[in-house]
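Across the two complexes that follow, subunit A remains constant while its partner is subunit B and subsequently subunit C.
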Partner chain A sequence: MTPTLPADLVLMLLADARLPTAGHTQSAGLEPAVTHGLQSAEVADYIALRLRTVTRVEAATAVVALHHVRQGLPLDDVETAWAARTPSAALRATSRSMARAMLRVVRRLWPDDPSVRALAPGVSRAVVLAAVADACGLAPVALARLVGYDDVQTVASAALKLLPLDPADVSAWVLDALPLVDRLALEVAPLTLPGSIPASGAPQIEAWAESHAATTRRLFSA
Partner chain B sequence: MVAMCTADSTDRPVIRPMLMASDDAGAVVSLMPEGALLLAGDAIAIDVFVGPGARLELVEPAGTVAYPMEGGRASWEVTITLAPAATLVWAGEPFVVAEGASVDRSTRIGLGVGAALALRETVVLGRHGERPGMLRQSLDVTGPNGVPLLKEELDVGPTSSRLLLGGARALGSVLVLGHRLAAGVGDGSGTRLELEGAGTLVRHLASDAHPATSAAVWAAARRAVS
Partner chain C sequence: MPETPTTADRALRIGICGPVGTGKSSLIAMLCGELASTLRLAVITNDIYTDEDARYLRSAGVLEPERIRAVETGACPHTAIRDDITANLLAVDQLEEDFAPLDIVMVESGGDNLTATFSPALVDTQIFIIDVAGGGDVARKGGPGITRADLLIVNKTDLAPYVGVDPVLMVADASEVRDGRPVIALSRGDRASVTALTDWVQTQLVAHRSGILVPADPGPMAPHSHDDGTLHVHHEGDDAHQHAHS
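And then the complex of A and B:
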C-alpha cells in the first residue's frame, strides 16, 4: 500500500493516457463499429451502450476482484465469472493483452506490493486493475469510476482518429457521459460475490470485436 | 427424462410433452402447446432433465408468439439439467415478441461431467411491420461443480439503442456445450464465439427469423454432440 498518497492523485495517474499501458492501441471497439457504418452522431450512444453492457461487466469484475484481494480470497473464481460473461474470445484476448501491458508498468511502480506480486500471468485487465487499486488504497467506487472513465476516454480519443470530429465536441460527449460513469460506479461498488457480477451482453459489439480480430486492415488492435 | 410445462392459471393452455420416437439411442419429444401462447399473465416453466448417459431430442411443432399484453407481462422459464454423459438436442423454433408484449425469458442450464448440449434459439422482436416488444432475456450455464460457463443478459425493447443488435429484428443463436463446433463452422455468415470453457456460440443478427437461422451451423451443432 502507498497510503500517504491522496487517492485522487493516484486516480489521475491511472486514468492518464500518458501512462505507458498501450492505451493508444485501443479504440474500445469503435474502429470496427465505424467500419460497419457507425456515424459520428452515434458515438455518444455507443459510449452509453458500452457503459450499460460490456464496461459494466468489467467494472463490476474489478470491484469484486478488489474485494477478493482485500479479503485474501482466490481470484480464480472472479476470473472465471468474468470469462463466462465475456463470450467473445476476441474481447477476452484484448482484455488479457491490455492486462499484460498494464502489469509491466505496475510491477515497476509498486514492485513490493503483495497484491501486484501475487498476480498470475494471463489474468484479465479488471483483475490487474483490482490489484493496483489495492496497492494504492483506492475504494471500490473509485476503481469502478476508473474503469468507466477509461472506457469513455478510449472511445473518445479513437473517435478523433477515425471520424472527422471537433475535439471540443468529443470532450463535451465525455462530460455528458460522466453521470453515466458515476451511476455505473455506484451501482457496482457494493458487489462482493462473483455470481453477482452483471452479465449484460451486447451482441453487436461482440460481433464487431470478432470481425475486427480477423482483419488486418486496422488502426487499432481492438 | 422429464419435461413438465405449466401455465399460471388452470384455464390457460399448457405445453404438453409428446413422445414421438424412442429407441436404444434415445428419445424424441415434441413440446406441443395446447392453445394460444403467450398472453399476459402466462408463466411457462419448462423443466428438462436428461439422465446419466441418456440422449433426448426436443422439437417444437411451431414457433411461439408473445402477443400484446396491455401493460401485463408473461414469463418463459427453461431449466435444463444434464446428468453426467447426458445429451440434449433442442431445435427451438422462432420466439416472436410482438409489439406491446413484455416477456421475461430465462434459461438455466446445468451440465454434469461429460454432458453435451446443442440448442438452437431464434428470438424475433415484433411481428412483420411492428416495433419490438419488450424482452428481458437471461442465459445462465454452469458446468460440473457449479462452475460458470456462460452467463448473459439481454434487455431489448422499442427504446433500445440501435447499436445493441445493430438494427436487427431477429437474433438467432446456436449453442454447443461440452464440445466445440468444428473449425470454420459459422465463419463468414454469423459471429462465432468460442467460450472459455468447452463450448461454441454462433449468433446471427438478421432482419428476419429465416436468415437468423443457419441450417449449416445447426447441422454442425448436431454432429458435434452426436
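And then the complex of A and C:
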C-alpha cells in the first residue's frame, strides 16, 4: 500500500494514455463498429451504450475483485463471474492481453505490493486494476470511475484515427459522458458478490469483436 | 513468479527500421533464407493497417508461418517501437515462450519516417534501412537512425543507375555522419553485400551471447544518451550535460 499518495494523483497516473500499457492498440470495439457502418454522429451514443453494457460489466467486476482482494478472498469466483458475463471469446482474450500489458508496468511500479504479486497469469484486466487500486488505496467508486473513463477515452482517441472529426468535438463528447461514468461508478461501487455483477452484455458489440478478431485488415487490435 | 533469464540467455532481438518501402521485409526474408538452416529464428511485424508484411514473410516460405506474428499499432507505428513498446515486448516474450529456445527474434517496424528508432528496451541491436531510390541526399539529411543505428543499410544499389544516384557517394556521406559505425551498400543480387550483412548479424549474436552487447540508443533527434551517468559532450553543440540515471 502507498496510502500517502493522494487518490487524485494516482488516478491521473492510471488514466493517462502516456502510461505504457499498449492503450494505443485499442479502439474499445470502435473499429469494427465503424467497419459495420457506425457514423461520426453516432460515436457519442456508442460511448453511452458501452457504459450501460460491456463497460458496466468490467467496472462491476473490478469493484467486486477489489472487495475480494481487501477481504483476502480468492479471486477465482470473480474471474468466473466476469467470464460468464463476457460471452465473446475475442473480448475475453482482449481483456487478458490488456491485463498482461498493464501487469508489466504495474509490477515495475509496485513491485512489493502483495496484491500485485499475488496476481496469477491469465487474469482479466478488471482484476489487475483491482490489485492496483488496492496497492494505491483507491476507493471502489474511484476504481469504477477509472474503468468507465478509460473506456470513454479509448473510444474517443480511436475515433480520431477512424473518422473525420474535430478533436475538440470529441473532447466535448468525453465531457458529456462524464456524468454517465459517474452514475455507473456510483451504481456499481457497493457491489461485493460475484453473483451481483450485472450480466449487461451487448450482443452486437460482442459479434463485432468476434468478426474483428478474424479480419486481416485492422489498425487496432480490438 | 518465474525468474527472468539474463539478457544473454534469451534470443538476440534485432530491430529493423526505416522509411516505407526501403526493403525491411525483404531484408528479413533474406536473413531468414540465409540463416534459418543454422539458427532458430522468429519475426514480429508492426503493420500499419494490415498484416501484409507478416503475410508476405509467411508466403516467402523462409520460416514456419507460426513463427511470424503481426502486432497492431493503432496507427501509431512510432509509439509502438519507442514510447510504449508493451505490445511488441509481449509478442516477443510469447514467441520466445512458444518456440524456446530461439537464437534471434527480428522486429520489423511499421514503415515510418527518418526520426523513428527502436527503444533499447525492446531490441538489443538495430538496423536502419534507406534505399538509393529515396534519393542520394537522404544519407546527408541524417536523423537518429541514419547517424546512430547499429547498422545502416543503403539498399537496392542495383537501382542506382536508374535513379541517377551514386551509391559510393551515398555510402561515403552516410559513413561521414556515422562516426565509424558500419554501413552496408546492399542489393539482393550482390552476393558480397549479402555476406557482409550476415557476417554483421553473426558478430552481433556472438557479442550478445557473451554478454558484451549493450543496446545503444540512436535516440531522438537530440544527441544520444549513454545512460551511464557520465558527462557527455555533444559533437553538434558546445554544451555538456549530465545524462539521467535510469
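Keep in mind that, in the parts below, the second predicted complex is superposed on the first by the 222 of 222 C-alpha atoms of A that agree within 3 Å, B and C clash if a C-alpha of one lies under 4 Å from a C-alpha of the other, contacts with A are read in each partner's own complex, and residues count from 1 in each chain.
Everything that follows uses one rule, which is that contacts are C-beta pairs under 8 Å (C-beta built on N, C-alpha and C of every residue); 3 or more make two chains touch, one makes a residue touch a chain.
The structure displayed is predicted, hence computed values, not measured ones.
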| item | value |
| --- | --- |
| Touching partner for A:Thr80 - first (subunit B), second (subunit C), both, neither | first |
| First (subunit B), second (subunit C), both or neither touched by A:Arg70 | neither |
| When both partners are placed on the shared chain, which of subunit B and subunit C touches more of subunit A | B |
| Which superposed partner A:Pro198 touches (first subunit B, second subunit C, both, neither) | first |
| Which of subunit B and subunit C A:Ala158 touches, first, second, both or neither | second |
| Subunit B versus subunit C as contact partner of A:Arg104, first or second or both or neither | second |
| First, second, both or neither for A:Gly23, with subunit B first and subunit C second | second |
| Intersection of the subunit A residues that touch subunit B with those that touch subunit C | none |
| Partner subunit C, residues of subunit A touching it in the complex | 18, 20-27, 97, 100-101, 104-105, 117, 158, 161, 216-221 |
| Subunit B-facing residues of subunit A, complex | 33, 36, 38, 42, 45-46, 48-49, 53, 80-81, 83-89, 92, 194-195, 198-207, 210-211 |
| In the complex, subunit B residues that touch subunit A | 138, 140-141, 147-155, 161-166, 168, 171, 191-197, 201, 203, 205 |
| List of subunit C residues in touch with subunit A within their complex | 1, 48-51, 55, 71-76, 79-80, 83-87, 89-90 |
